[in-house]
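Okay, so chain A shows up in both of these, paired with chain B first and chain C after.
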Partner chain A sequence: MPKRMKLTRPIGQFTVGAWVLLAVTVLIPIFYGIYISFLDIKLSSFLPPQFVGFDNYVAAFKAPETWATLKITLIMMVVGMLVQIPLGMALALVLHRNLKGSKIFSSILITPMLLTPVAVGLTFRFMFDTDLGIINWVLGFVGVENINWLGQQSTGIFAIILVDSWQSVPFVMLLLVAALGSISPQLYEAASIDGATARQTFLKITLPLITPTLLVVVMIKIMDFLKLFDTLFMLTRGGPGNETTTLGLWTYKTGFVFLEFSRAAALGVLIMIITAPVYFLWRRSTKENK
Partner chain B sequence: MLNSKTIRRFAGLASVSLLLAACSSGGTDTEASGEINVFLIPSPSSTSIQSFIPDFEKETGIKVNVSETPYGEAHQKQLLSYQQKAGAYDVAQFDNTYLMPFCQAQAMLPLDGYLADSSEYDIADFGQSQQDYGKCNGETLGLTLSTEPMIQWYRTDIYEKLGLKPATTWDEYFNNAKKVQADGHGGQIIGFGPNVSWWWMTMVWSFGGKLYDDALNPTVNSKEAIAATDFLKKLMTVSPKGAATANSDEVTSKFLGEDIGAMINYSGYYGSVLDKTINKNEGKIGTAPMPVGAVDITHLAGWNIGVPKDAKNPDAAWKFLEYVLGKTNAKKYLESGAAAIGRRSITTDADLLAKFPYLAQLEIPSSSRIERYPQIAVWPEFEVAAIDAVTQVLNGKSDSTKALNALNEKLKPILAKEPK
Partner chain C sequence: MKVTKKEKFSSYFVLIFASFLALFPLFWAFSTSIKDRVDTYTLPPKFFNFTPTLKNYTSLFSIDAFPKIYLNTIFVTAMSTLIVLVLGALSAYAIARRPSFKGRSSLEALMIAVRALPGIVLLLPLYKLSSFFGLYDSLWALILIYAGFNLPFAIWLLTSFFRQIPIELEEAARVDGASNTRMFVKILLPLAMPGIVATGVFIALLSWNEFLIPVIMAGENSKTLPVFVAGFISNRTLDWGPMAAAATISLVPIVIFTIFIQKYLVAGLSSGAVKE
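Moving on, here comes the complex of A and B:
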């Protein structure tokens, strides 16, 4: 038997279980989702489904809600990442210095990550309440009149990003602390001997070496924002009107409120197509780094 | 080989069996037994139903299994089960808004045969509007599990102090709210948040408008609908700021927990009035009919409960419904905390009226036109579009004429999808 076959056969056998699990939990649902996006399945109709070609995709592209909710998703994504990644990195850099009290500080910081998004959303909904919320109560001391946080698009989006950031920054921080820990201290020693400033050290050593992790963080955050649901649902339910409805929430509404499963499947496929380039960019960058 | 005599005997036996089977199905004379699976949606009605189970099981020997599913997924789960003809449930609670999708899917068993034979349920004890509440295409697919007209709630202490009376017209209602607000309270509250459609359509009907005509053409941009939407916006000026995002539950908790003069909401929330953890204004809550606009309408809502067509034990299911919702246990059902069912024998009972004064509002005069949630399968999509448009008006992003014209256009393809 050739040497190559001897090596690959047992490996193939060992991964069969993983492939089966992957197929059942991921691949079959994806392909089934794609399949039903070409049918006209409605939960309220018991008629046999008909093949409708690209009708659901055409309807999705024509619907103004698709573009409006995509725009809201992108706004939340960009603003959210601009808040969460720098903040997570700043906290990671502080923790990496192992200053006194760092362990207690990091334990406290990761607490929000341990809470369920539904509970967090509900708690913050009370905190943002216009009449009784603690946020307006505190602002009242500095003369700010009651703000209708969840009743307007701009403040609603702000509130959602704030709550999501409160839960997500510790996650970003933890990944970056791990990345910083993997950088050899000798590199910093060499830079110090060469007289590099803190800014130069950060830009020339730290940043390039944590870039692969940063890309992972960016990719995870993009996917997180595309599937943002629990917090958003508890805080605003996509309101007022549809003004804080993301593409993910719109897909949910199409499927489970309008009972239009095939239309929702088409929107799901579109979300997958939007996410795909991010994945391929990440793959390419990790290959380049290797 | 079978001879002709054996074949004749077998055919005769089969005919008798079939005849017996036919006689035993659908009637009420047979002794129901066995086991039933009851699908409920968490609510005071569900809690009350469950309180009857131990006695029912003891009296009939029928075992009752209950599964509760939250509202957000309850109807979807039921539809999936009915599509698969799984026979998973023998009794199912559902919102009246889903009557039409269930009807179109032919998911529920018509109960008219059972109703005709049941003196215990006594359908004649209900007013016509209540008898029709669970009907679709002339068939009763669900019994009334709660009768919840939208009514006027007011703070008796504030109204007495300011010499106000519950409003009979919308103008009066607004003026009352203005006076209450000027006295330093919240004028009134309705939900301008995710359920704004409930109040908006009530206003549209009350102002003489319709959401769509008989040919299913949208009519939400009529002058009546525009006036109704403008009035809704006007009401915002006499509401606490928090009303802008409040859903129906929050509207109730704000009215009962804060200092607000009046509220328009479903009568089914009276259970919260009796709950001291929610109601901080005990003994100060009055109820009155909803103010009248250009047309006297009653917006009637509430739960239904029925027997799915694929139920494995429909006779036992009916027996259970008859036991819980029949005349004998009607008082007990109400006193166990459920939202009231508008039986005449209940709404006119002097003892009950003393304890639950709101029952008087459940006696809907025949002069008042009953309006229910639109009985169309595309209602969820219609509603989301309407909420979006009305919110644009309330937020000042658009004027009512422009927003409702756009909504009317948007609703055309949605209503066109309604199965004829």
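Moving on, here comes the complex of A and C:
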């Protein structure tokens, strides 16, 4: 039956281009990265690279910076999510009321997420400036002394989370608006007939139904906080010292500032291992969708 | 759901306050960029009571490398977006229309790896490889890496656009004996044009904003705008005027762009996370 043949015509060749590009930019680098993590490539050595086994991993585990920067990454991740998810949710709930002008407000509110993070970081750096910054000036009205925001760990981490939130809350909001929009209005009607309070409606209807989206948000946020680089680089560069350095930025510094290439590659492999659970969860969730 | 007057009032209050927070930094970058040094370095800050000047912009444009940097950014953005759209549309067609085909699962595995892995993990080996092949500081190396890193987003987004096109149209063509290629070119592409444009805009935006790839892979020859903007900060004396001008100049095209394509952006921004 020739017609049936046509219905199942192979289509894999359509994806060859994508496959090749991803092989070159993703697959080969992953394996090459693993390979150089077992060598001793660094600037200070002019000898041909030697195979050193797990030395770089042992060194990475022994280095206090690895754990310190991992801890900072996790703090930013957890605090960041605690700030961004409730705020995104609140804005989504307000937008979901579909008041007059909601569309214009949502256009305005998503603007921050589209902007160049580097330029955003620069702008906020000026706003956080100790002497000239508008943030300290505003805080001055409520009697807060000038704060050296970017010059110390606690306020530095806070500032980084704040700027990241400025750019990411709209994203959380956007996903949750879509999730809220997919809940059938009949459920709410039934609830109001039964005399449910707003609080009950939220806890018993809204929250359970948007939980899948919330889990997606959490997964994306975990990935994005591991990726965090641009605004962090612009605001503090991980300073003072390494006090606001994340594991990703530490890997960058190890490779491109201290030029300890193989050491950095080993840190890269550690990041891969840390990312693996999210990777598999994400993979499973996209498969279930089909 | 009925909204009471009180709820309405508080909703507008929240929306207006949030909008103010969303827009103020943009306003502040712009207003700093048209202020004279004296007006910038003063407290209380001057919001409107200053004489605007273009000094900061002229000093920015007088930097010899600036035009080249701007052109580099446009070129890399345009070329990588083009590559992403061509390869992305082809793959998205296959994924949207066939539940399984050879190579599908490995392709999807790679796509998710790009989403999950921090760029630095891939860029460290890529930097080594590209210097080995003499591709360090070349625009084409940038273009390929931008394209590779952005391709998965494009595929996810385009797949959802392609799925919205009724499959009956293709089935009819199939009965007439059309090949995959013919159906793709004659039926899918024209119908999916709005989606392809939206994807292109979204990918161009990501490329325009990209910092980590060029900061590692670009030297003086292939430097892009975000690297240039970031370079201001390493100077010991912080000169906020020209800095704000540089920030503004990289933000303005985005703001103008997004006003025109608002409607598509929402779909683009949530791609890869939207449930189909």
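Structure notes:
Here is the rule we go by: the second predicted complex is superposed on the first by the 253 of 290 C-alpha atoms of A that agree within 3 Å, B and C clash if a C-alpha of one lies under 4 Å from a C-alpha of the other, contacts with A are read in each partner's own complex, and residues count from 1 in each chain.
Operating definition for what follows: a contact is a pair of C-beta atoms (placed from the backbone, for glycine too) under 8 Å apart; a residue touches a chain by one contact, two chains touch by 3 or more.
Everything numeric here is computed off the predicted structure, so don't read it as measured data.
Judged by the touch definition given at the top, the superposed model places A:W67 against neither chain B nor chain C.
Of the two partner chains placed by the overlay, only chain C lies in contact with A:V216; chain B stays clear of it. By the touch criterion stated above, A:I30 is placed in contact with chain C alone, chain B being left untouched.
Comparing chain B with chain C, the partner in contact with more residues of chain A is C.
Of the two partner chains placed around the shared chain by superposition, neither chain B nor chain C is touched by A:F54.
By the touch criterion stated above, A:R283 is placed in contact with chain C alone, chain B being left untouched. In the superposition on chain A, A:L132 makes contact with both chain B and chain C. Residue contacts after overlaying the shared chain place A:F256 against chain B and chain C alike.
The residues of chain A shared by its contacts with chain B and with chain C are 131-132, 256. Those residues of chain A that touch chain C in the complex are listed here as 3, 6-7, 9-12, 14-19, 21-30, 32-33, 36, 41, 90-91, 94-95, 97, 99, 101-102, 105, 107-120, 122-127, 131-132, 134, 137, 166, 170-171, 174-175, 178, 185, 188, 192, 212-213, 216-217, 220, 223, 226-227, 229-230, 233-234, 248, 251-252, 255-256, 261, 264-265, 268-269, 271-272, 275, 278-279, 282-283, 286, 289-290. By the touch rule above, chain B contacts chain A in their complex via residues 72-73, 76, 79-80, 82-83, 101, 104-107, 192-194, 240-242, 244-245, 247, 254, 258, 377-378, 380-381, 384, 387-392, 394-395, 419. Within the complex formed with chain B, the residues of chain A that make contact are 43-46, 129-132, 146, 148, 150-153, 236-237, 239-243, 253, 256-260. Those residues of chain C whose C-beta lies close enough to touch chain A in the complex are 1, 3, 7-8, 11-12, 14-15, 18-19, 21-23, 25-26, 28-29, 32, 40-41, 43-45, 83, 86-88, 90-91, 93-95, 97-99, 101-104, 106-129, 144-145, 147-149, 151-152, 155, 174-175, 177, 179-180, 184, 205, 208-209, 211-212, 215-216, 225-226, 229-230, 232-233, 240, 243-244, 246-248, 250-251, 254-255, 258, 262, 265-266, 269-270, 273-276.
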